[in-house]
Amino acid sequence: MSRLAVVVFVLICAAFALSWAVRAGVTGGDHALREAFLVTLSAFMTLAIMSFMYRDNPYYKFAEHLFVGISAAYWMCVGFWSTIVGNLVPRISENLSEFFKVPYSGGGLDFDLFFLPYRYFYMIPIVLGILLLMRLVPKAGWLSRWPLAFIVGTFAGLNLIRYLQSDFVNQISATFVPLFVEWHGFGDFIGQLSLAADGQFVAMMTNLIIFLGVLCGLIYFFFSKEHTGWFGGASRLGIWILMITFGASFGYTVMGRISLLVGRLTFLFRDWLGIMS
Amino acid sequence: MGNLGIIIALALIGGGLLWLLIRAIRGKEVNRRLIFVFILVSVAAPILFTITFEMKPTPIVQALYDKIENLPEGSKVLLSFDFDPPMAPEVQPMADVVSRHVLAKKHKAIFMTLWATGQAQFNITLEEVIRRDFPEARDGVDYVDLGYKAGNEGVLNVIRTDFKKMFPTDVNTVPWDSLPILNGVRSCSDFDLIISLGGGKPGVKEWVLFVGDPTRVPTAGGVAAVVAPMLYPYYPGQMCGLLGGIKGAAEYENYFRDNHPRYAGMTTPAMLMMGPQTVAHVVILAFIVIGNVLYFVTRRKEVKR
Amino acid sequence: MMKQQIPRLIVLVFGSFLLFQFFVPHESSEWIYEFLLDWNIIIGVFALAVGIWSLFNVHVEKIKIRKFGWKYSYVTVIGFVGMVTFGLTAQNGQEWGWFFPFLAAVVLTVLMIVQAGASKGNALLFLGAAAFFALAAAVIAWLDTTWSFYFQTAVPLQSFMFRRMFDNVLVSLHATMFSLLAFFIASAAYRAFRARNVMASLLLIAALVVMSRFNPYLEPIFGEQVSRLSNWLMNVPNLAAQRAVIMGVGLGMVATALKVVLGIERNYMGKG
Amino acid sequence: MRHKLKLVLVLVLCAWTTAAAQTDTVLIDPVSAAPVLPPPLPVTNLQAQDTDNDHGHAITLTWEKSADDGAGRNSVLAYEIFRWFPFQMDVVDALRKSVSETRDAVRAFRIDLPRAEHALRELREDPGKLRTLRFNVARPDDSTFQLTADYAIRALEDTIAFIREHGPILKNRIKPLQQDLEKALAELPQAYADYPRDGEWRSLGKALVGSTSYTNTGAKESTDKDFIPDYTDLYYRVEAITVDESIRSEAVTVGPVQSRGQWFHAGRVPVLGFVLMFFVFTLTFVQMAKKGANLYVRPLSGIEAVDDAIGRATEMGRPILYLLGLGDATQVSTIASFSVLGRVAKRVAEYQTSIIVPCYDPVVMAVAQEVVKSSYLDAGRSDDYKQESVFFVTNYQFAYVAAVNGIMLRERPATNIYMGKFMAESLLLAETGTLAGSIQIAGTDEIAQIPFFIVACDYTLIGEELYAASAYLGREPVLLGSLKAQDWAKVVIMAVALIGMLGTALGWPAFAQLLQVTG
């Protein structure tokens, strides 16, 4: 650790200690010290992460590693409560759920399946889970493929069908837009031809563009045909439309990202430094 | 004082950009860290010295507003808080204003969350909106919080057919059957409107795909700007309205406040946030311009060589 | 056979079941469907354990081989153990009693175990120390009544320390990390939005139009047209492209899922 | 035109009837006005059948409007629907209620006891603790009452004693109650069969004026309120009611009708059609491929980059960073990413460079370890495989990002490959990668994130290309065959879309309706 680093460290500690003291003074009331400390702590974390924008440094490393540890623990605790206590226990045994004080969801009356109370069948996933733990045993590691296969398999089937319906059939039928909006014959069409945004012509053009856009987009995704000739043209049009879209949604996103920064800075200015109302 | 500050800040930014432009014409790249500094200033300044504007709602925002406005009094509206503190700056304002609107129209509000972190977010809305603006609203009668259940889309798949199975009690472990507000609610089909507020996964898209589509219940959303474009294809067919990012929230706040004088004094975080938005957008636009100037200059030089 | 065929069979059976379950509204199929979803949740519980184990392995390994920045691994371990402790205990009353000594003892126990794992040779010494600290922790837990373990109700998740660590450390770290995007999006825009070719230019122009639309100040300058144009971009080309991509992705997903169910694609499953 | 006429007619009628009513009420006092409004005519042709495409426990009623609905005297306000309930249902409900209540009580006791005891201990030690007591003691209901320490102690003692005494009793009461409930439920079918003895008609709700159908959906669990048993004779009754609830048409009864679950969902036929189409396509083309039909695939720059990238890493002697994204093992994009990982890892093993795979989800990690291991096995370098190279970081989005960013800046990988499901972190990762000077190849189906990858990465696989990637890298005929199948599916989509489009355009919506998925 170089001398400079030590000096910087000392300075930073001093600065935050000071801000802690000031904050405590400002807030007052009982637990003032504690509350002030917590705010200062989170301000420190904020700045430690932001220092990454300059370059990688010990403070960022510290924050990063703490982040990993705490978040893993948080995820584990929540998982424990919501999954084990919240979902597993109430389903397998009444006594256990009484011990964990969660409502027993097996229902007062369970019915038999193959002459066994059906909750016994929850032993199967538990066994699968134990097989998953077999990974930790080098010799029996391959056993863990069974639960993995189960998870992957079930959800492959599930997603297959759900996406087929929603991303597919529904989207296709959504492309069935009327080409001729309120069509009353050609003469009529010529008669009131206008470029008004809500006019008939514009509406028809819009529908047409959308439809062609979808087709070209799909053509771009063709893998087993050379993109040459009219086909190539269409696919180029397709990728152009895609690019426009991506540009647009990039532009749209900037807003959101800035909001987040606003959120953080507001915290620093208002809750920590107290220099804004 | 505020004005002075903002003027100085803007002058600083403008001058700096001009200088960078000149350097660009001379063919000098802009240092990454310099860009960061500019962004920091352009966001920080408008926060310290506030600016706000009036704005009118875009149709897709209007659609959600009208939907809530026109539901018969006492309809059951399900609001799902599918976001977390980091996303909160964007989504919390929507959650607040939409909840306020729902309760103001005397609808029955049923709150839940698919994110472990959503519960804390709801508590904020509970304090800031429900307890403050609607002291008369009773828990379990006018609104109820069902809390969080793990399982993401799994939860949706279950509650689509059987709500009680996933939520046997509300967040305060009051049993389902003793909550009057939930009388006649068996599955998601029994709601008149489903609103998911979130920006991640599971979020609005999952609600539409796993619940909205199969049950044909009108579904709307308030989302972080990043996912908004992705949801446009679902409107108006599979969704009945969408608030995209802080602008959507600001428009909604503005429109709601103008049409419900009773809440004229309400907080409008989203509208306040439009100030930094504006300046930062200008700065980024400027940087894009500078980048292109630089590009053409360098290319001309290469051509010369 | 056991290593390959059975997993493949499992995938085929459950995959195709859930595939056709969709078309069978009957109660019994519904019931099995929900039952299977429960199974997945339950298996997830055990996955948790695997994850934690791996986490510890990584850091023990780092410390063992003195990998660059190994010292920080202690931070991770301490943070983890501390947070877990907060997540399983809660105060009974207002005062803290011996909670923090207990916390220290627990942390030290785990650290000693980690050391034992990382050390070459004198592992027993560390294990001994671990045992000692564990004993200390146990004694405190036994005697001190100001706080207690809550395995029964989710009280600890609302407990003071857990919530505070979440609100003041986890959230601020998370939110800050997220907000860095504001900077990166700017630098990325500066670096990449250059009219090199048609595609890049389209990307650039679309972005410019949409961005300048979210901007009350630019309204008078560019006029109504820009916001109308950006609305058009959002509603027409965006809609078309999104739809095309969604369909393509849906197609890819369906194909992949089908390959998995049919056992054509089994790269995700180890061999040998 | 004709509709318009009808409408006008109806309006006139309404106007006339209401006007008539007006004058009447004006003439004579409201009390004797009641009989003036005669009961409306009943509904006709009332039908009841099991609801289609459901899991049972639901009955749909259909009828033809009363002659006075919208026409005639136009006096109908709504239709009230009744079902015949055997009194046995009340018995069941009562039992069910007491079971659940007893359960709740027992649970509450179990939670309260330790707290009460602790509170008592605290108070005994120091009465001053009364302020911060974590237990609200029972107190008399009058505003002047002041809570004192010894009152609280006494109250707590009472509470504890009460719980200690009654807790076990209640607990023992649950089982017998349940048995009674089961017995009662067992007798339910008989009770229904006894129609019309020992039962009564109860209102289910109202259907608005003008409506001609009502669906009575019940719970499927016999333990639930409003549970409708399947395969049981049910009887329904519909009455037309007027503004004055007491004036209603005579009831029309229908029954017996039984509800049952269906074994096939007719509304989802189109989906089934597509599933079958996929089956056929995939299988045919896979067969063709196996027979060795040569299958052209157009080049994808992103894919070709992979090889060079690995070569580059080898030259620089730096590792390759492969990220599977935030998806869990259940997501298809993650599965696709697994197979890409397999290919990449094989190459890595052949070139004898190293690969780092930080994972976000333990299950994904487990699978990824299997994948990488077996790829090393295929490359014949199983002893080079290090389990630590595939590890779990944390299951918390931005903590994961923070850690990965750290890895990028410290290990300085020559190449970063992002394949799978990515969320907001995409740009964070990609920009950091650029800072670290790595070649970056990305592929995701998260449309919202593609722009960022396009902007910050050297090569990007857009949407479906991610799913094609493994086939491209593997070059196995089987997988190429499935690519071909996907393309043909696209052709079908386009054809269908075109036909549907023209169909709607030429006012022939039948085709579009074919594709309507209901429910």
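A, B, C and D label the chains in the order they appear, each numbered from 1.
The working rule: a residue touches a chain if its C-beta (ideal position, glycine included) is under 8 Å from a C-beta of that chain, and two chains touch if they have at least 3 such contacts.
Every value quoted in this text rests on a predicted model; they were computed, and no experiment measured them.
Peer 1: Applying the document's contact definition, name the chain pair with more C-beta pairs in contact, B-D or C-D.
Peer 2: The comparison resolves to C-D.
Peer 1: Indicate, using Cα centroids, the chain positioned nearest the centre of all protein chains shown.
Peer 2: A
Peer 1: Distance between subunit B and subunit C based on Cα centroids, please, to the nearest Å.
Peer 2: Centre separation, subunit B to subunit C: 22 Å.
Peer 1: Centre to centre, by mean C-alpha position, how many angstrom separate subunit C and subunit D?
Peer 2: Once rounded, the distance between the two centres reads 22 Å.
Peer 1: Give, as an integer number of Å, the spacing between the C-alpha centres of subunit C and subunit A.
Peer 2: 10
Peer 1: I need the residues of subunit B touching at least two other chains; which ones are they?
Peer 2: If we look for residues of subunit B contacting two or more partner chains, we find 32, 36, 39, 43, 86-88, 150-151, 157, 161-162, 165, 175, 199, 224, 226, 229-230, 233, 247, 277, 280-281, 284.
Peer 1: Which parts of subunit A, given as residue numbers and ranges, touch two or more other chains?
Peer 2: Only 49, 52-53, 61, 63-64, 67-68, 70-72, 74, 78-79, 83, 87, 101, 103, 132, 135, 145, 148, 151-152, 154-156, 158-168, 170-172, 174-175, 211, 214, 218, 221, 242, 245-250, 252-255, 257-258, 260-261, 263 qualify.
Peer 1: Hunt down the residues of subunit C that sit against at least two other chains at once, touch-wise.
Peer 2: 19, 22, 30, 40-41, 44, 47-48, 50-51, 55, 69, 152-153, 166-167, 170-171, 173-175, 177-183, 185, 187, 189, 191, 193, 203-204, 207-208, 211, 214, 234-235, 238-239, 242-243, 245-249, 251, 253-254, 256-258, 260, 268-270
Peer 1: Note which residues of subunit C are touching subunit D in the complex, please.
Peer 2: Touching subunit D from subunit C are residues 19, 22-28, 30, 40, 44, 47-48, 50-51, 54-55, 57-58, 61, 68-69, 92-94, 145, 152-153, 170, 173-174, 177-178, 180-181, 184-185, 187-189, 191-193, 203, 242, 245-249, 251-260, 262, 264-265, 267-272.
Peer 1: For the complex, which residues does subunit A have touching subunit C?
Peer 2: Touch residues, subunit A against subunit C: 38-39, 41-43, 45-46, 49-50, 52-53, 61-74, 76-81, 83-85, 87-88, 91, 99-101, 121-122, 124-126, 128-130, 132-133, 135-136, 142, 145-168, 171-172, 174-175, 197, 206, 209-214, 216-218, 220-221, 238-255, 257-258, 260-261, 263-264, 267.
Peer 1: Provide the residue numbers of subunit C that touch subunit A in the complex, in ascending order.
Peer 2: Residues in contact with subunit A: 2-3, 6-8, 10-19, 21-22, 35-36, 38-53, 55, 69, 72-73, 75-84, 87-88, 151-154, 156-157, 162, 164-183, 185, 189, 198-199, 202-211, 213-214, 228, 230, 233-251, 253-254, 256-258, 260-261, 268-270.
Peer 1: So in the complex, the part of subunit B that touches subunit C is made up of which residues?
Peer 2: Within the complex, subunit B touches subunit C at residues 30, 32, 35-36, 38-40, 43, 53, 55, 58, 84-88, 120, 150-151, 154, 157-158, 161-162, 165, 229-230, 232-233, 247, 274, 277-278, 280-285, 287-288, 290-292, 294-295.
Peer 1: Name, in rising order, each residue of subunit D that touches subunit A in their complex.
Peer 2: 96, 99-100, 103, 106-107, 110-111, 178, 181-182, 185, 221-223, 268, 270-271, 274-275, 278, 295-298, 329-332, 335, 363, 366-367, 369-370, 393-396, 398-399, 402-403, 405-406, 409-410, 447-448, 450-452, 454-455, 462-465, 468, 480, 483-484, 486-487, 490, 493-494, 496-497, 500-505, 512, 515-517
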